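I have placed the structure first, in the form of structure tokens, so that the comments after it can refer back to it.
For reference, chains read A, B, C and D in written order, and residue numbers begin at 1 within each chain.
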Amino acid sequence: MKNFMTTDELKEMFLYVSQQVIESEKFLTEIDKKIGDGDHGIIMSLGFKEVKNQLSAGNFYCANEVFKTIGMTLLDTMGGASGVLFGTIFISGIVGLEPVEHISLPEFAGIFERSLAALKKRGKANIGDKTMVDAFEPAVAALVEAADKGNSLIDGFESAQGRARAGMEYTRQCMARFGRAKSYGRASIGVEDAGAASIWIIFRAMAEWMRTHL
Amino acid sequence: MLNKIINSPDEIVKQMIEGYLCANSVLFDAVPNTNGIVLKEKKTKVAIVTGGGAGNEPWNIGYAGYGLADGVAIGHVYAAPPTRSIISVAKATNYEKGILFIANNYAGDVLNFELAAELLQMEGIKARCVFVSDDVASAPPENADERRGIAGIALVLKIAGAAADAGLDLDRVEQIAKKANRNIHTLSATTSPGYMPNTGEAMFRMDENTVEIGMGFNGEPGIFRMKFAGADKIVDVMMDYLLNDLRAEAGREVAVFVNGFGLTGMMELCIVNRRVGQILQEKGIVIHDMFIDMLFVPPGAGGFSISLLKLDDELKQYYDCPAYSPFFRKAGLRRPGVL
Amino acid sequence: MLNKIINSPDEIVKQMIEGYLCANSVLFDAVPNTNGIVLKEKKTKVAIVTGGGAGNEPWNIGYAGYGLADGVAIGHVYAAPPTRSIISVAKATNYEKGILFIANNYAGDVLNFELAAELLQMEGIKARCVFVSDDVASAPPENADERRGIAGIALVLKIAGAAADAGLDLDRVEQIAKKANRNIHTLSATTSPGYMPNTGEAMFRMDENTVEIGMGFNGEPGIFRMKFAGADKIVDVMMDYLLNDLRAEAGREVAVFVNGFGLTGMMELCIVNRRVGQILQEKGIVIHDMFIDMLFVPPGAGGFSISLLKLDDELKQYYDCPAYSPFFRKAGLRRPGVL
Amino acid sequence: MKNFMTTDELKEMFLYVSQQVIESEKFLTEIDKKIGDGDHGIIMSLGFKEVKNQLSAGNFYCANEVFKTIGMTLLDTMGGASGVLFGTIFISGIVGLEPVEHISLPEFAGIFERSLAALKKRGKANIGDKTMVDAFEPAVAALVEAADKGNSLIDGFESAQGRARAGMEYTRQCMARFGRAKSYGRASIGVEDAGAASIWIIFRAMAEWMRTHL
């Protein structure tokens, strides 16, 4: 098994991720309807449909370009709270980064670590506030830990997707403090957060792709 | 499930704009490559740009007009417009005097409009944001700035639009918009749920024979529920809460805006308005103006909202100006009947 | 059963008027001892008086205004106003130049308005009646004068109002109103039933997933039923029928009015309008003006109507004038944005 | 059994008739909803509520005044097609009639005969058009026949109410040619006409009152 990805492979992986998000439209919308406004699945799917178009159409000479294209496309097409936030997740991690042609676990960990910081700065949410941060922060921590330990790429992502999932499940017990869900107060307890679910779907899809293609 | 008269959920915002422009091409241009419209007329004045998720039309497609916003960025159904879209609309206005963004206080809108303002500032374009937070049910008075924005944005925009037309500079227009926002307090009553504009699914479930006061338009829980009672009883409960929040003493002048939801008709709104008027008169609060319209319309929902705007001489001066958009037309108060 | 936000079914019309006047006392007076309103301003011109049953607001309470009717007699829900009420409203206008009654072509309205005109004539007051019959679904072209009146009355009134304002005499205003009526053709699509404004009961039953073309607003059967299809498909079918009835050749100028029912939102109406515009353009029919509004609103019903008005220079001259009532505001075409 | 009515009795009878109409609101509305707009019961009831008020409040020196008060009240308060038509039924029969203090069958027959003519002139409907004429014309014919034969007042009205009822039932088989019901075309067959039902309710109530009070 390879322990890195070429820029082309990265693009292929994110095409697969896009497809998985698109197919989760109903699932995400159902969650968002319970304690939100029911648009999350729709705009995630709209955003990633366009990501698919942009990635398929483009030629990328480095990983940075792939991330940037995804981030800008999400920022430009999605709207909603999650448009900015998912845009941030893909863009902020590569700001100032030297072109990376072959991306391996340490780079992934570094990129997502920086974007986590940007996300928290922009959105002001912390763990326990029932947002995508609850899934993203532990997933990023898993990547960093795995990179520090010198684990393999695939191990890093398997662990990250598991932690994202646990984070998503953890949001069930939290009371929402951001976004529309906040209005539900204590009634938001018991339901997952839609943004956290999206994070898990993305990490799960990345791990899946790596498992079958590397 | 309600059959929505649309062609495809993915295309509704785009096709809505096309249909609106088809009828109103004299007034507006489409903003290229995004869901947005701008007034053709480009006065040299502070540009007002608004926007938000589609779905509660005429908000927000109907809020671009004379004495209103110069441009509107329209998001997908219930989703704030993308930052890029806001920037494109802003750039299609005459922004040499600066841009005031007026949006509702929802996470998505705040994130996108603030980011748009930051990015414009980086390009040397002056841009500020005011987020409307008139829904008294959504947070207690001590956290008034956390409140959601609902029907009140119509009046904040109209006042800011008039102030901009009067030639005030960005600082002053921003101040006046903020004051209007502080002074406008809205409370809603929901009697039956609305339907998603793109799918026709019921937005939430609600007991029959219930009225929920202060419910969010996507079904976010309100402050209390009561058994359905006559119009006057519902209004009494609402006005009690609203006046307590507004703290308007007798003699104070207010403007009143009764806004209807999709399923509630003008007849009902008039009956509601009647009781609002009686209560204000009883309390000695002076009704400077009162109007009934459907400007922020959760589709298919039963209910209405009451907005009270506390006026002072400054706000009144701008409030009294006429406003005109094909979907938001309010005559000036100085010459009745003249928009 | 829908909870209607009213106080008592017996009082709804009276309380609606009180609430409307509470907001609009600058413009209107109540007519004593009946359910009617009149403009305060009493210009010396042919007086236009309209009326009909309550229930489809803003028709008819919202049709008194500048460039519209001088007075409105409002019947109980769906019942023509009593003759006495029509006479009282007529007498509260400035009728020295004569009175033109414009009502919809229903048995009750015809009986009461004709009787009112006869009784006024007996008192030496000139009074004429024009009954609007725009609903192409309600009778074939050879019996066009048996057709019902629906949304088209808005434009007949607006044109007659402008002609009266222009100082034309009763004969001429009557002729122009009749011509407008002959030239306006409306067809409706109903996608779900409305609710009785006084009781909240469903007005009739309808299969889900059906669209009925040409249904009367109380559920009178239409000309055909189709399975629910996208907006464009519904509009295509309607425009086919309507254009065939209208016999407007390419190059002919028309005005278009897309009117929404209670449950159908502005977003849907824009999408409908988009297709109407496309079809007219394809056929080479010239769109002089196009507007989307909710002026004749079967409460709670899903659907809309399309009205096409064939114009000539005379009609255009009056069509282009602004009209203003708090519920029916249309800017003039010569200076956009000015009512 | 008396064979005439005093003006006071006439007033009492119409108070009873009013009450019967008011109590039939639902029944009449249901009929009108099937092939009309559902307002018939409501406006009949509104009209006859006001008739009750006006009759109770007034002092009447002759039958003509009672008829006129009823007719004008209906004309002034009901609206709808039936406001004019029921107004006509009560007013047109007494136009030009000398004051009648004691009313007996020939006067009733004469009054209603004239009002039938006025109703048909105003509304242009004939037997078979599925309107109130289908009930009113046979009821009037029964009064005239009974008066011609010298039958008693009560016999005349018993026969009239029976014929009104038969007329109402006959409307079931007719296709509507007037009013909103016309739009239903052949679909109007099988349902009674609301106005005809009102006529029957009025005649039935008159007969009932006479049977129990004269």
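Observations on the structure shown:
Just so we're on the same page, contacts are C-beta pairs under 8 Å (C-beta built on N, C-alpha and C of every residue); 3 or more make two chains touch, one makes a residue touch a chain.
Since we're looking at a predicted model, the values are computed, not measured.
The chains touching subunit A as well as subunit B do not exist; no chain touches both.
Remark: subunit A and subunit D have CA centroids separated by 77 Å (rounded to whole angstrom). Between the Cα centres of subunit B and subunit C there is a gap of 28 Å.
In terms of their C-alpha centroids, the spacing between subunit A and subunit C amounts to 54 Å. Because contacts link the chains only in sequence, without closing, their graph is best described as a line. Two chains count as a pair here when they touch; such pairs are A-B, B-C, C-D. Contact residues of subunit C toward subunit D in the complex are 9-10, 53, 75-85, 106-108, 111-112, 115, 138, 148, 196, 198, 201, 203-204, 216, 218, 220-221. Of all residues in subunit B, only 1-8, 12, 15-20, 22-23, 26-27, 54-55, 57-58, 61-62, 65-66, 189, 191-192, 197, 208-209, 211, 228, 230-232, 234, 256, 258, 262-275, 277-278, 290-292, 294, 297, 299-300, 302-304, 322, 324, 326-327, 329, 331, 336-339 touch subunit C in the complex they form.
By the touch criterion stated above, subunit D contacts subunit C in their complex at residues 33, 36-39, 42-43, 46, 75-85, 87, 122-123, 178-180, 183-185, 187.
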